[in-house]
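Attaching a single structure in structure tokens format; questions to follow.
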Amino acid sequence: MKKLSVGILGATGIVGQRFIQMLEHHPWFEVTWVAASDRSEGRSYAEAARWRLKTSIPDATAKMKLSAARPEGAPKVIFAALDSAIARELEPQFAEAGCAVISNSSALRMQADVPLVIPEVNGDHIALIDGQSWRNTSKKGFVVTNPNCSAIGLVLALAPLHRAFTLDAVMAVTMQAVSGAGYPGVASLDILANVIPYIASEEEKMQEETQKLLGTLNGSRIDPAVFAMSAQCNRVAVEDGHTESISIRLKKKASAEEIISEWRRFTAEPQRLRLPSAPEQPVIYMEAPDRPQPRFDCDKGNGMATSVGGLRKCGVLDWKFTVLSHNTIRGAAGAALLNAELLKAKAYLE
Amino acid sequence: MKKLSVGILGATGIVGQRFIQMLEHHPWFEVTWVAASDRSEGRSYAEAARWRLKTSIPDATAKMKLSAARPEGAPKVIFAALDSAIARELEPQFAEAGCAVISNSSALRMQADVPLVIPEVNGDHIALIDGQSWRNTSKKGFVVTNPNCSAIGLVLALAPLHRAFTLDAVMAVTMQAVSGAGYPGVASLDILANVIPYIASEEEKMQEETQKLLGTLNGSRIDPAVFAMSAQCNRVAVEDGHTESISIRLKKKASAEEIISEWRRFTAEPQRLRLPSAPEQPVIYMEAPDRPQPRFDCDKGNGMATSVGGLRKCGVLDWKFTVLSHNTIRGAAGAALLNAELLKAKAYLE
Amino acid sequence: MKKLSVGILGATGIVGQRFIQMLEHHPWFEVTWVAASDRSEGRSYAEAARWRLKTSIPDATAKMKLSAARPEGAPKVIFAALDSAIARELEPQFAEAGCAVISNSSALRMQADVPLVIPEVNGDHIALIDGQSWRNTSKKGFVVTNPNCSAIGLVLALAPLHRAFTLDAVMAVTMQAVSGAGYPGVASLDILANVIPYIASEEEKMQEETQKLLGTLNGSRIDPAVFAMSAQCNRVAVEDGHTESISIRLKKKASAEEIISEWRRFTAEPQRLRLPSAPEQPVIYMEAPDRPQPRFDCDKGNGMATSVGGLRKCGVLDWKFTVLSHNTIRGAAGAALLNAELLKAKAYLE
Amino acid sequence: MKKLSVGILGATGIVGQRFIQMLEHHPWFEVTWVAASDRSEGRSYAEAARWRLKTSIPDATAKMKLSAARPEGAPKVIFAALDSAIARELEPQFAEAGCAVISNSSALRMQADVPLVIPEVNGDHIALIDGQSWRNTSKKGFVVTNPNCSAIGLVLALAPLHRAFTLDAVMAVTMQAVSGAGYPGVASLDILANVIPYIASEEEKMQEETQKLLGTLNGSRIDPAVFAMSAQCNRVAVEDGHTESISIRLKKKASAEEIISEWRRFTAEPQRLRLPSAPEQPVIYMEAPDRPQPRFDCDKGNGMATSVGGLRKCGVLDWKFTVLSHNTIRGAAGAALLNAELLKAKAYLE
């Protein structure tokens, strides 16, 4: 089978690097085009990127020349890892030009006709594509987005509970890794021996994205899930892996065993379709009271599984627990990649 | 004025070291006796302690010989910084022998006749002493305790709100410094690049101590404050300073301005009495949205002030905010010291 | 091919865990016996070990019961990861009982009849085994050791230069990872935001082991290599990977190109024999001036390669450069495992 | 006594912040003018600076408006904390305009007529000022510099030995704090769990500055000290305090006692003149084998003392030891401030 050519917008950033790493041996996709900011144009990828991953830059990519961030000459499938302000400008251009834009940016996530998707949770929302103006031309471009790195692990943990017991309230306090801020991102003088109790716009994103993700497709729009939600976002001196202390109240009361059982038996379309990047088990419940921990657990399921632990009674809501997921894999590049795989399986990427 | 002789039980540990540091130039108290585990007996303090503070060991203490942890020969005022299991055994022995035991241990905190005190919050609870059996002998010993390092900053921030608006529910998620676990305490292999979402018994302590501290003296007992409470405790790679993400619901609704105003004008008996270790302002509200932060703010008020910031609406309860306090100063040695100063001012230390 | 049964002494420690991890899918060896301290005896491995690696405990090992650390019932091939004082007592007992003891401990490394081996460097030294008294009984046990975690990366980098140009002087300053101190090992309060310029006995080990490793087999003894040597050992807040700043003086002068060429073309018996754990390239020279770095490079060659970089003129000796190797893989468990593979290839493990 | 007005160029950076902190209560100097980059002009200091110190911004400075970085309107005494490229342009402009420029930048340090001074070591070098063309006009401006943060601690430790025993060779391996790179400086993704074995131009600076500092004033020029010197510079995850592993060879052989005695009795002009920022003891020798350590020792002498420890025989040169000094106090702002105090004492600041 010939692999599908894909391009990466924002290829030199931390999420761009993860795209390249995850696509190196991908069975369906092949990176043939990389673009970054204008000043990088024409340089080789290895020169332009400050590679921050433990594996080496794939040889083929290392030598690739960086293209200008324009649709001309770009392949028809584009993974976008752009800063929000730039994404807001460029993503529509690429969709307009007929590209399938699979975006990790927050720019268009909350736009009514743009699906915000976690394949295990709301894969059906991709139907919104059919109503996009870009799609309804001869060029047939579109945009699909994945959620913020702090929302995705949480929503994977909440989805099976919402389906079985209906959420009534959710409180989330995050302890987020520095890689979530990109590179150079968080200055070492800011985070060594420190906690920063603030990440700009992050709480708002977590709240609104969670409700859109758990919402219901209603014709050409999404009815957001209705429950009270509050997030508090902190940055900690961890490289990879967002840890979250969660409390929830359920409409239908459930026992600890029932909750853990929902997590453990949770699988969905990506698992049934055997999408290449789908983790065997999207939510892993760990028994040890002090797990999950980012240093030891964020790579579970090749970084695509969400780990959950410490389920116990909450004195204010019903239950509390800890959620962990890898913020640049499941929370960014891997999220977009799984979206692309779902789109491919559903013939959106001809 | 001749200084009062005081002794330190558990003098070589992290909290013991803070006691020695804070007492070095104290106007009222003078350390004349130090004790640690039996195997240290007879060694000099400098030899026996693995000193982990930035200031040097005071010369007088460095040369002091460690005594056995027995009341014979000990001064009548004892600061106790013992592990809980040992405290449960030794503190009553010292009280029995006529000592004023001012304890940082959790062993007796929840015992009905033992006051658990933050001088700015519930100084009147020291009246419980009068009902202690140790007190009601010719020897007149007693035990007073201070709360857990994770509870004290929280309660200082809650107290003015509870008084003005009455708490209905409190959710706390902590990010606690490693010094809270003593020495050697947390292994570096456990915490570098990591978050540990579990501290044994910590959540229970935070919950029950908060309600006792905010409770009401009713004759010879304390009626705990009645509100829903839930804590989730995490350890992070920070040396000093516990940061907490808090959400609260109030019975009497209040605006942000009213809340901040209560924090800012909060002072109490220790300030009025000008106790030597009392911070001028027990609760400091910081305007910058990303403060307080442990690296920059935990030493405010010489480590005795609680910093609060980021007050904003909560989507589940009413308000959320961040609390920070120094865990081995205000959260341990400084807490006990301020208790001692209050007791002295009230003539409990002859 | 039936796999050879092997046992692990000190199986619950950090190096013991690495043995179990590296042996999980080993083509020649199978872990059938694990032992730790007496108080662990009879417990399952999963209960007794505080597993500190990112991969999970292999299922088979997790359920294995810990045996007493005695030769009775142990397999004939033993990997030993014991503290030195215990090793000094137990390793001879196992050799006496007929075991091939492949040790990572320092206890017997400098004993005249015990080979201290890096297979790429001095594999011929294993001939010392034939003179061991344990070997010359009907039971045929023996002991082989590998060097200290700080010596092995250095010696891999020095060996090709010593062979080609003859070392005259070596200065090494190390920045060592905390995992080198075992678990719980370095307290977080000691190392966060800190450097500790001292590791007990480490400098002496580096110096004498380097000279034995680069020495010459002369009948039944090793003539140590003769050159001036000095080491300064520091601990830094890194989890895995010892970084070293090295300066050398050569007897035969060499250009930078000649030195780099010796590193790049360096391969030896383990590569020719295709030993399963041998890295394709034992020494990797990196061109970027700021490499190698532990966070990004210590896993090269599955943690079995030594990375070198920054070769430049030294104003005191001839050349200076940086060396990095993984301290618990190439520097401990992987070192012993490669020794075992060499012994197997040479028919020392019947 | 009326305080002398001083200005700070580069006032918002990390070193600029230290200047402001150290000058807050200075008995001789008062900050009346602050300047930073053009885009900050006109904003208040508190708005423009991202303050990264534990003490608060002094009130007076917080409200001060940032001036343009031009001599017009600036006071006659200027502390300069500029990036090297900007310093090369601006410092001569200010000297030309009649200012005493007391610079922490590397731009002019090696210029033949610019003194590079550590008051305890080579205060006599300030005589070079008299030959500066800026000085020999009616305006009487001049430039004085202090060394790089990695050189100053080393040179303080070397100076008494060089005087007593004459250095023949010096090898230095540094482990430098992130604050040395300014703000935002080192990205957290680069340094968490890592060592970076490279700092651009740092080794060259250490080498040539050390020799100029220990050199001899010969009329209108400095004859650099003549000894072999080599430096290797590493960055580590420490906030403040450069730790260095040093080896030296002496022309006149000395015992450990003699060396330690030279360090301990080392005082110089700043101590005799009782300059306000001079540490009582410029070099502190610590007996514990594992000291000095940055976390515990870099504030000794209010950050102005150099700590030395671990003196032991070196197998290649004669002696090895560890040096530590605070890189933004003694290594930057404090260095310049002590230079200013010396100049004031010698009537160079009228």
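We call the chains A, B, C and D, going by the order they appear; numbering starts again at 1 in every chain.
We take it that a residue touches a chain if its C-beta (ideal position, glycine included) is under 8 Å from a C-beta of that chain, and two chains touch if they have at least 3 such contacts.
Keep in mind that what you see is a predicted model, and the values were worked out from it rather than measured.
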Exercise. When A-D is set beside A-C, which has more C-beta pairs in contact?
Worked result: A-D
For this session: Express in whole angstrom the distance between the two chain centres, defined as the mean CA positions of chain A and chain C.
Result: 41
For this session: Determine the centre-to-centre distance between chain A and chain D, using the mean Cα coordinates as centres, and give it in whole Å.
Result: 47
Exercise. Where in chain C do residues touch two or more other chains at once?
Worked result: 52, 192-193, 237-239, 295-296
Exercise. What topology does the chain contact graph adopt: line, ring, star, complete, or other?
Worked result: complete
For this session: Would you tell me which residues of chain B are touching chain D in their complex?
Result: 52-54, 192-193, 239, 295-296, 299
Seminar exercise, completed: chain A residues touching chain D in their complex are 14, 52, 178-179, 183-193, 237-239
Exercise. Can you name the residues of chain C that touch chain D in the complex?
Worked result: 169-171, 173, 175, 192-198, 207, 228-230, 232, 234, 236-239, 243, 245, 247, 289-296, 309-310, 314-317, 320, 322
